[in-house]
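As written, the chain order gives the labels A, B, C, D, E and F, with residue 1 at the start of each chain.
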Amino acid sequence: MAVDAGNTAWVLISAALVFIMTPAVGFFYGGMLGKKNVLSILGQTIIIIGMVTLIWVTVGFTLAFGGNGQDLIGNFDWIMLDKVGIEPLAPYDFTSVPGILFMMFQGMFAIITVALIIGGVAERMKLKALVIFLFVWTLAIYIPVAHWVWGGGWIAQLGALDFAGGTVVHITAGVSVLAAVLVLGKRSTLSNGGVEMAHNIPFVVLGGALLWIGWFGFNGGSALAADGIAANAFVVTMVAGATAAVVWGIVSWLHLGRPGVLGMISGAIAGLVAITPACGYVNVTGAIVIGLGAGVFCYAGILLKKRFDYDDALDVFGVHGVGGTWGAIATGLLATGTLASSSQGLLYGGGFDLLVSQLIAVVVVYAFAFSVTFVILKVMKMVMVVRVTKEEERIGADIIQHGENAYS
Amino acid sequence: MMKVEAIIRPERLGATKSALEEKGIHGMTVTEVHGRGEQKGLEFTHRAGKFRVDMLPKVKVEIVVKDHQVDVVVDAICTSARTGEVGDGKIFLIPVEKVIRVRTGEAED
Amino acid sequence: MAVDAGNTAWVLISAALVFIMTPAVGFFYGGMLGKKNVLSILGQTIIIIGMVTLIWVTVGFTLAFGGNGQDLIGNFDWIMLDKVGIEPLAPYDFTSVPGILFMMFQGMFAIITVALIIGGVAERMKLKALVIFLFVWTLAIYIPVAHWVWGGGWIAQLGALDFAGGTVVHITAGVSVLAAVLVLGKRSTLSNGGVEMAHNIPFVVLGGALLWIGWFGFNGGSALAADGIAANAFVVTMVAGATAAVVWGIVSWLHLGRPGVLGMISGAIAGLVAITPACGYVNVTGAIVIGLGAGVFCYAGILLKKRFDYDDALDVFGVHGVGGTWGAIATGLLATGTLASSSQGLLYGGGFDLLVSQLIAVVVVYAFAFSVTFVILKVMKMVMVVRVTKEEERIGADIIQHGENAYS
Amino acid sequence: MAVDAGNTAWVLISAALVFIMTPAVGFFYGGMLGKKNVLSILGQTIIIIGMVTLIWVTVGFTLAFGGNGQDLIGNFDWIMLDKVGIEPLAPYDFTSVPGILFMMFQGMFAIITVALIIGGVAERMKLKALVIFLFVWTLAIYIPVAHWVWGGGWIAQLGALDFAGGTVVHITAGVSVLAAVLVLGKRSTLSNGGVEMAHNIPFVVLGGALLWIGWFGFNGGSALAADGIAANAFVVTMVAGATAAVVWGIVSWLHLGRPGVLGMISGAIAGLVAITPACGYVNVTGAIVIGLGAGVFCYAGILLKKRFDYDDALDVFGVHGVGGTWGAIATGLLATGTLASSSQGLLYGGGFDLLVSQLIAVVVVYAFAFSVTFVILKVMKMVMVVRVTKEEERIGADIIQHGENAYS
Amino acid sequence: MMKVEAIIRPERLGATKSALEEKGIHGMTVTEVHGRGEQKGLEFTHRAGKFRVDMLPKVKVEIVVKDHQVDVVVDAICTSARTGEVGDGKIFLIPVEKVIRVRTGEAED
Amino acid sequence: MMKVEAIIRPERLGATKSALEEKGIHGMTVTEVHGRGEQKGLEFTHRAGKFRVDMLPKVKVEIVVKDHQVDVVVDAICTSARTGEVGDGKIFLIPVEKVIRVRTGEAED
């Protein structure tokens, strides 16, 4: 197919919108931490943008999207972007956008996924160890799972649906954080019962708002065309985020007597996470249901942390893990069969087929992401110092790792 | 001279300033501080839960006055800054040996 | 008409740009308040996004845009978005964008309009009362007026022009704030002569800058196509904002001896407001005139507040009411007749016809928005507690309503 | 050529993205200054948006882009945008976007270029003098150079390449700052050995992130179409920025023992600057090389300042001057000849032709920008007070020039 | 009464609060300050270089106690806030003539 | 020992630090405060008008020195922080009973 200007315009801007999500995550997370750790988060987002981009254009893209049809991993046909040019790239040329743009749009997803992780393990890892961990994680977890789902791997063949990355993005990040914090242990400041207030909630809202607008590109752009599917993805994204924000507000009003602003923006993010896998397949009614579930389940997901006493600093599992899981399952319930896929969910007359595929995909990715992350960090702990000292933790990562103060 | 150092609720600062002005007391220095005392902190909401903060925002007002004005100042603060609830704050009286005006260099004891 | 990718790409991104205007208003307003009320404004923007989205997809869109040709209000043909799908939606199918996208683009306008109001009534309403007020306001004022102007109602039939919402958005919000603050009364902190400095002017500029970029989608996207009309709307938007910012700076230099940054960014917003109804009909010369008028009239509009001693906290009437009115009238003066409509303004040889239609629309919407808002709040005051106590006002809405501090 | 919706959509959004770069520069620069000068920078960006827009729509556009084929400067054919309308504008009608949009897209470049300058001369000029200087600078330097390169002037005829403004934007701004700070002298606070910490590094990152997303429109939009060239420009922009951020981090790790966040985001900007002239001509491999060079050379460029003891406050020469120069030269080395131009760089078999043209363009623009800026400011110094007093410098521009405090 | 005014490292505040609590000392007022002393500042990184900041962030803790409690308080602070490196801070003992509780107006000498 | 507590203009802090250094006085603690006195506030611009702020930003510099050094310190501050306009600030001299160094626990009277 030849390059179409309208579709290319939309994928170009969508890629830019997904790009902004990574600094946005920096503000969303950074604002929630104390002011002696905000720069470290922002700095990590910059490092991740740099590192993952370089991984992606060298070997990442070809390993994830090359060898379409191979079960487990791509090949090296497009190494160093060989043959990836300004024409649509077979077998992805149904998109009518330049191959190099398709490559970059997908690369933006890799970046933001890696960036999600830093909120969970915040305030305890040495920068060098963190960078090594994320480097290995990208190669060992993100790229294979992306291949399975979007590169024609076994999950795609199974028929499981994941329009914009519920499994690839949110479950991998959320579950890996869970494994990581088990290996790493809690922050010492936290073990002392210290609670740190968010140092700048307006930054959290700013990050959340930029994430939200970015999500229109993330989900809408995943149609890879400016068509009705993109429009539907855009709309259900809006509706699910809006619903979950309101639901979170109501739940916390009932639970705590007041709706917190931090809570409502987190609710919005939870809704956006949950609609991600579903947005190409469900309608607005489905989106309301998904938003509703996201508000309730992710709220509960955060409470889990207290119950099981692990230190997922900024609730990456509670929001992204739980939200992504709910979205993947909800796709199996609510897919209409009239949008980007003809598979119907259980509630739309499709029987259990789709739902079962969704569950298989979720379970396997859980097991894979958890165990591989666990192993990576265990090995790292044996060969190098992974954590900062207690004194360094108290002084804060901004001074210790970067020699900077955020504000003066 | 005496320094009247009052730790009060931030939201009472306006009223306190007015009350002092009525007594002809104009000069003062104000600092944002955090404090705790009898008041056992305040509950804040988090994303999905509450937490207690034991150090609450307070305002420190420092007023250096002649010894005979101290009672007036203390009374004015007590009346204007009081809400009757725990956390209203404390006033400390600290002796000042000398006061010098930077602009002129003149001193007052 | 079939879906066109180019036009759809532009309306998709325009909808995203209008979306960001609501958090942007949060920063624009929140920065101008003291730091104990900033979260309450940001939180309200999130609540409004959630609530108005849900109103819109259930009954709002159909009541505003259904029943095209009915004078006063739409119908329930599209309730719950029934029949609103991924194909263009008759009778709005001249747009060649998916019906569901047309719906959402219009929904974004409803959201931002409601959000404008919170700046006027800031720092005094109980959150629950505010939410009820805005809920009723959306149904009782926004939706009917949107129908009158854009849904084929009586103002559309009259031939009055309002390209992107001078009357629908800015006059309704501005005038309603005037009515609301009369019913609600002044903030007690203000009655004590207390002046509160803006706590974070960089946030005001950030909000203003995001509003400005959002306005390109607001005005340019209202062409509902990526064509010459959209381009013209984009350019005159830029020019009017730029002109008004400069004019405001000069006026305050003359008036106060110095141009304030808060003033200049407010001037830009005033220019953007004023060009809104006109942007599909005037050329760059017209835009300069409109920007000039906006700078002068809205500056004067803010001074009105002191003269008449009402407490429109962040000058929603002064900027949006006055600016929207000037823009609506200026359309009747400066419409060229060669762009999105063949009606010509007075100065372009069209005689008084258009000008009179514009004035009728303005006067009726003034009367409608003012009186309905007045009644809503009077009734609410009789049945519930609408205002916070003086003590709560002093402590600030962030702690009182949300249990949070913006910064720590 | 008729207007194409897809291309128009992309240029519309690109223009909006370039717009946001100017406030973004305000945050990038403002965060690096102390908190008593942040508003002055933000205010100046607003003034520049206003002033340059008005210059551009009256005489700027026609002087830069009119008279295509004239060596030195355009003509007055399109004065007040006469004949610039909603149809494509000959001889630029290869773009298939409305003439008025082409005009505005180019106008956004003028705005951001002028805004770059204020970081270099920060904290010492009287506002009135600064405004006069920038007004004259726009007419005397930006517009001629834009004509030379993009308006069919002598550099275009020479065959030198500058896809999105390495010479026009970054070299003119960077070199002019060098001349300006020599004429103006150092800040007195600096002469006392005072070092001022960045008052808000998160704002620097925010500004940097917004600049980065804006750059996708800046470089990608310069294709003036949503095609493969735009896609290539987008991708190499991303890769060069990413590479330079990482390289800067590594260099400062080696040099200082720690990678600063301020450094890494500056590195990203350096990479984006350097890819600007090249982005229509080089591939991803070229982008990696350019990013690498940008990280190293601009780092060294900042160190120059200490060596030669001039006071370029926020390193406009070090980053934009050096980066733009490197990018212009690198284009002569790395142009593939298969993208937006058939000229090949030295390393791609094109011999020295292109490289020599690039060097001529660079040298002449250096000489022109330096000497004209020098003369403008020397003359201004003779007829008016250009600098604030030492006391005013110490109190800060926010209070002195605007009567405002950024935070309270 | 005596005001114990301690300038300590911010990262030791938590430990200091705990140490005081163990001794039954609850009331205190905390201020963010910048200070310098023997400690010759700290090196910070800039974009491309380092610079030295001589005024470092410290925390001022003020605790007004009865004279007989002073030693306990001083000991608790010294032990908990100490790292042994230059920059640990100073404690100043300042006489307070009277303490008044705003809520009740009652005074204590 | 004596605490010299000076409230000065923020823009004079640099000069004051230098002046003290010349006299060999290095240790000090600085706090951002707001104050008012004779100075009747400052006019600020708003969007469309001016307003007066009566509490202006000042800097509090605290220097604890031996009694015999007090005059030197006061002189140095007066000279370096003075502009001659209203609002230059005040210096308060407050007796300090004892100074303890946290790092070593050693005391000085």
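Keep this in mind: contacts are C-beta pairs under 8 Å (C-beta built on N, C-alpha and C of every residue); 3 or more make two chains touch, one makes a residue touch a chain.
This is a predicted model, so every value here is computed, not measured.
Each step here moves to a touching chain, and the least such steps from subunit A to subunit D number 1.
Least step count on the touch graph, subunit B to subunit D: 2. Of the chain pairs A-E, D-F or A-B, the one whose interface repeats that of C-F, sharing more than half of its contact pairs by residue number, is A-B.
The interface holding more C-beta pairs in contact, when A-E is weighed against A-B, is A-B.
Subunit D and subunit E have Cα centroids lying 49 Å from one another. Subunit B and subunit F have Cα centroids separated by 19 Å.
Each chain gets a centre from the mean of its Cα atoms; for subunit C and subunit E, those two points are 51 Å apart. With centres defined as mean CA coordinates, subunit C is found 34 Å away from subunit A. Annotation for subunit D: residues touching 2 or more other chains are 4-7, 9-10, 13, 197, 200, 206, 226, 256, 258-260, 262, 402-405. Within subunit F, contacts with two or more other chains are made by residues 31, 44-45, 50, 83, 94-95.
Pairs of chains that satisfy the touch definition comprise A-B, A-C, A-D, A-E, B-C, B-E, B-F, C-D, C-F, D-E, D-F, E-F.
The part of subunit E that touches subunit F in the complex is made up of residues 2, 6-8, 31-38, 55, 58, 60, 74, 77-78, 81-95.
Partner subunit A is touched in their complex by these residues of subunit E: 11-12, 14, 18, 42-45, 50, 57, 83. Touching subunit D in their complex are the following residues of subunit A: 3-10, 12-13, 15-16, 19-20, 23-24, 26-27, 30, 38-40, 42-43, 46-47, 49-51, 53-54, 57, 80-81, 85-87, 97-98, 100-101, 103-104, 107, 127, 200, 203, 206, 398, 401-408.
Residue ranges on subunit E touching subunit B, taken from their complex, read 1, 3, 26-31, 64, 94-103, 105. Considering their complex, residues 195, 197, 252, 255-256, 258-260, 262-263, 266, 299, 302-303, 306, 315, 318 of subunit D touch subunit E.
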